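In the two complexes that follow, chain A is the common piece, with chain B as its partner first and chain C second.
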Partner chain A sequence: MAVLLEKSFPVEAGAYTTAGEASTTIKRTLKQLGISADVLRHVSVACYEVELNLVIHSLGGTLTLLVDPEKVTLISKDVGPGIPDIEKAMTEGFSTANEEARTLGFGAGMGLPNMKRNATNFEIQSEVGVGTTITMSFALA
Partner chain B sequence: METKRFHSVRLEGDKCRGCTNCLKRCPTEAIRVRGGRAHIIDERCIDCGECIRVCGYHAKVAVTDPLSSISKFKYKIALPAPSLYGQFKELRGISQVLNGLKQMGFDDAFEVARGADVVSRAIRERLKNPDLPRPVISSACPAIVRLIQVRFPDLIDHIVDVRQPMEVAAMIARREFARKHNVSESDIGCFFITPCPAKVTGIRNPIGHEKSAVDGAISVLEIYGLLSTQIRNAPVDITIETASDLGVGWARSGGESKAVSRENSLAVDGIENCIHVLEEIEDNRLRDLEFFEGAACTGGCVGGPLNFENNYVARSNVRRLSSRTQEPELNVDSGMMTKYDLYASKSILPNSAMKLDDDLLEAMRKMERIEEIYKELPGYDCGSCGSPTCRTFAEDIVQGAATKMDCIHKMKEQLKVMAQQMVNLAQTTRE
Partner chain C sequence: MTIREVMKIVDGKVLVGEDRLDTRVDTACGSDLMSDVLAFVKDKTVLITGLINPHVVRTSEMLDITCIVFSRGKMPSEEILEMADEIGITVISSPMTTYTACGELYVHGLPGTKKKAEGV
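Let's turn to the complex of A and B:
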């Protein structure tokens, strides 16, 4: 089914002051569309995690929201640095967050596992020196 | 069937000047200025009273019951909110307020703080259940509960299913009075002395149960003058002060958290602050939190718009009045936990007033048009069009409730074009 709604949000690396703004706008959009509370909750959690990942770990990127009648899709695409070992990154408790992020309470190593747990479909592709793309979809029915 | 929802918060049209004060402060974007006057969108209003507080023309009012309405009942019981105690600077004891109310014509005064004692115990019990989604959210502030219905529908199942102290107090007061004086319960009227319009709405349209146990709500402001003269010669009698310090503490933000005795709780006051924290709860950012207590008013119920005293003074008065014991404990008689309906009997439903359309496809089409229109707007969020922000203005245009020329900046642009066209026209006709 064709995508009927698309919104993109640039997310800056290290921008803690604006971190979470894209998620807030995405949540507002989905509520106005009347997306069910159950789906909303899963999207909220995954969306905030992925946005924070862009802020903490990436060199900057874009978060895109797609909505069609069957699902909500979130795509996070960054411009590096890329993840050398995806399997390790997906392990609960593993984190490469820096000191600054940790003092702000991040870096528990739950980001990626949490996204996977909340999404109906979760895909991650990464190449060191190129960037990471995470695609998550959330079924509406 | 009733089609129009009851709201305590109303507009007195002839006093309204059509300014943007209330427009900008409404947490659910429920106000529009049309034809030079504010209008409240019924479905969205949560009766928080922010608009009453910010209106400099006193055009926003709360509808409450007049004191004379108590005469409809043979026996009248006053249910003073604990925040009422904070209204009097020279109070020597809570019993003075209770005796003062009786001197005013009530047959009895029953502390809502005692209801809070019982409710605190019920919440403690609920918190023992590890299966409830965390954080458990307090159901005490009706404006926050309605805010969640409108703006955070995905957090509804976090709201604890325990009734408000006012409801529990009314049930206990009525039954105890009937038994003690051997009279019929139907002859007894229970009147809440309210600091808050949201509670008034909650009595007429309860959330979580069918019918309120409270028969009416009289605002603190309405009785303040009369009660303060009565209090001057009202006796102190600590034997009638039955609520615990913890129950009385509910008047202030943080009091409920203290009474449910959870270390891992968070008390937030002020509706904008509550919105920020609810966003964080939604994002699962506060995953270790056990209990969230949100109060729409600054300071908690002491900051209610129908109070007389300023909330900081009232808060400090309540602090003093609720420090009678070193290590306070809830005052709950055994049996109370099973004798009364302490829990919700109806589930809380989301309020879909923010939804663009019932049909998802149509909602998406509308969203697209909103984005297109929004891009062309100046983004000043000035409110001159009568909508609170440029974005809500774009929404209103798409929903057919406004037209682009309501924007004075768009209008100016248009006039410029038209003026140029007239010049052009004048020049061409001269030749």
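Let's turn to the complex of A and C:
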């Protein structure tokens, strides 16, 4: 499928102040493309959750946005530390977030399940010591 | 219910978005936990919270929340207010606690968000 748009955003580990800026840009970009409000909200929520996860949990990574005529795809790829038990991480309420994240109102163990709920397709691959890749797509029709 | 009615019910003061008081809201959510807000909220919602930081506004932007009520008379910083105004979110400061503000809105007919985002 022909890619209409591709944009990558580096996300820095521990950058709590700027966390969410990539998601804001992505939301505004998609809005300009005329994507429906419903799809846009699903993409925005999942995007913000995954960006926060990169800031809170990873050693840094990249968020990539791809748009083709049928779907929006978000790819989050980090450089570690990797998730030892994905099943556990996907359980609502399970969280390894630090105090700083919790002070900001996050780290309730809702992120990954909420991404899965909002995306049409959700895939997660992780290897300890290597990194985690999350691929989410959102159907436009 | 309109944001103007919300403002009166919570005895609030509008900090930004005076020109958007006639916007309609259908539901409300009271929480200091943005993780839960992200999991439960739909559009045309009022968020009542005692948490003050820029992520409250970012979370609201992602969800198309149209109005934030900061409870217990808390005053957000200029930075937070500017962010909200730029996005088009009305910000109200209420002297009520979160519990009381939610209770007042509920008895005046504003329901809570009932379920998680679609696709549950």
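One rule holds in what follows: the second predicted complex is superposed on the first by the 141 of 141 C-alpha atoms of A that agree within 3 Å, B and C clash if a C-alpha of one lies under 4 Å from a C-alpha of the other, contacts with A are read in each partner's own complex, and residues count from 1 in each chain.
The rule is simple: contacts are C-beta pairs under 8 Å (C-beta built on N, C-alpha and C of every residue); 3 or more make two chains touch, one makes a residue touch a chain.
Worth saying up front: this structure is predicted, and the values here are computed from it rather than measured.
After overlaying the two complexes on the shared chain, residue contacts for A:78 are found with neither chain B nor chain C.
Of the two partner chains placed by the overlay, only chain B lies in contact with A:67; chain C stays clear of it.
Of the two partner chains placed around the shared chain by superposition, chain B and chain C are both touched by A:24. In the superposition on chain A, A:48 contacts both chain B and chain C.
Contacts of A:104 after superposition on the shared chain: chain C is touched, whereas chain B is not. Within the superposed three-chain model, A:117 lies in touch with chain C and out of touch with chain B [touch as defined at top]. When the two complexes are laid over each other on chain A, chain A has residues 20, 23-24, 27, 37, 41, 44-45, 47-48, 114 in contact with both chain B and chain C. By the touch criterion given at the top, residues 32-39, 43, 51, 53-56, 58-59, 61-64, 116-120 of chain C touch chain A in their complex. The touching residues of chain B, when paired with chain A in their complex, are 151, 153-154, 156-157, 279, 282-285, 350, 352, 354-358, 360-361, 363-365, 367-368, 371, 395. Chain contact summary for the complex, chain A toward chain B: residues 4-5, 7, 20, 23-24, 27, 29, 31-34, 37-38, 40-41, 44-45, 47-48, 67, 69, 114, 140. Chain A makes touch with chain C in their complex at residues 17, 19-20, 23-24, 27, 37, 41-42, 44-45, 47-49, 104-111, 113-114, 117-118.
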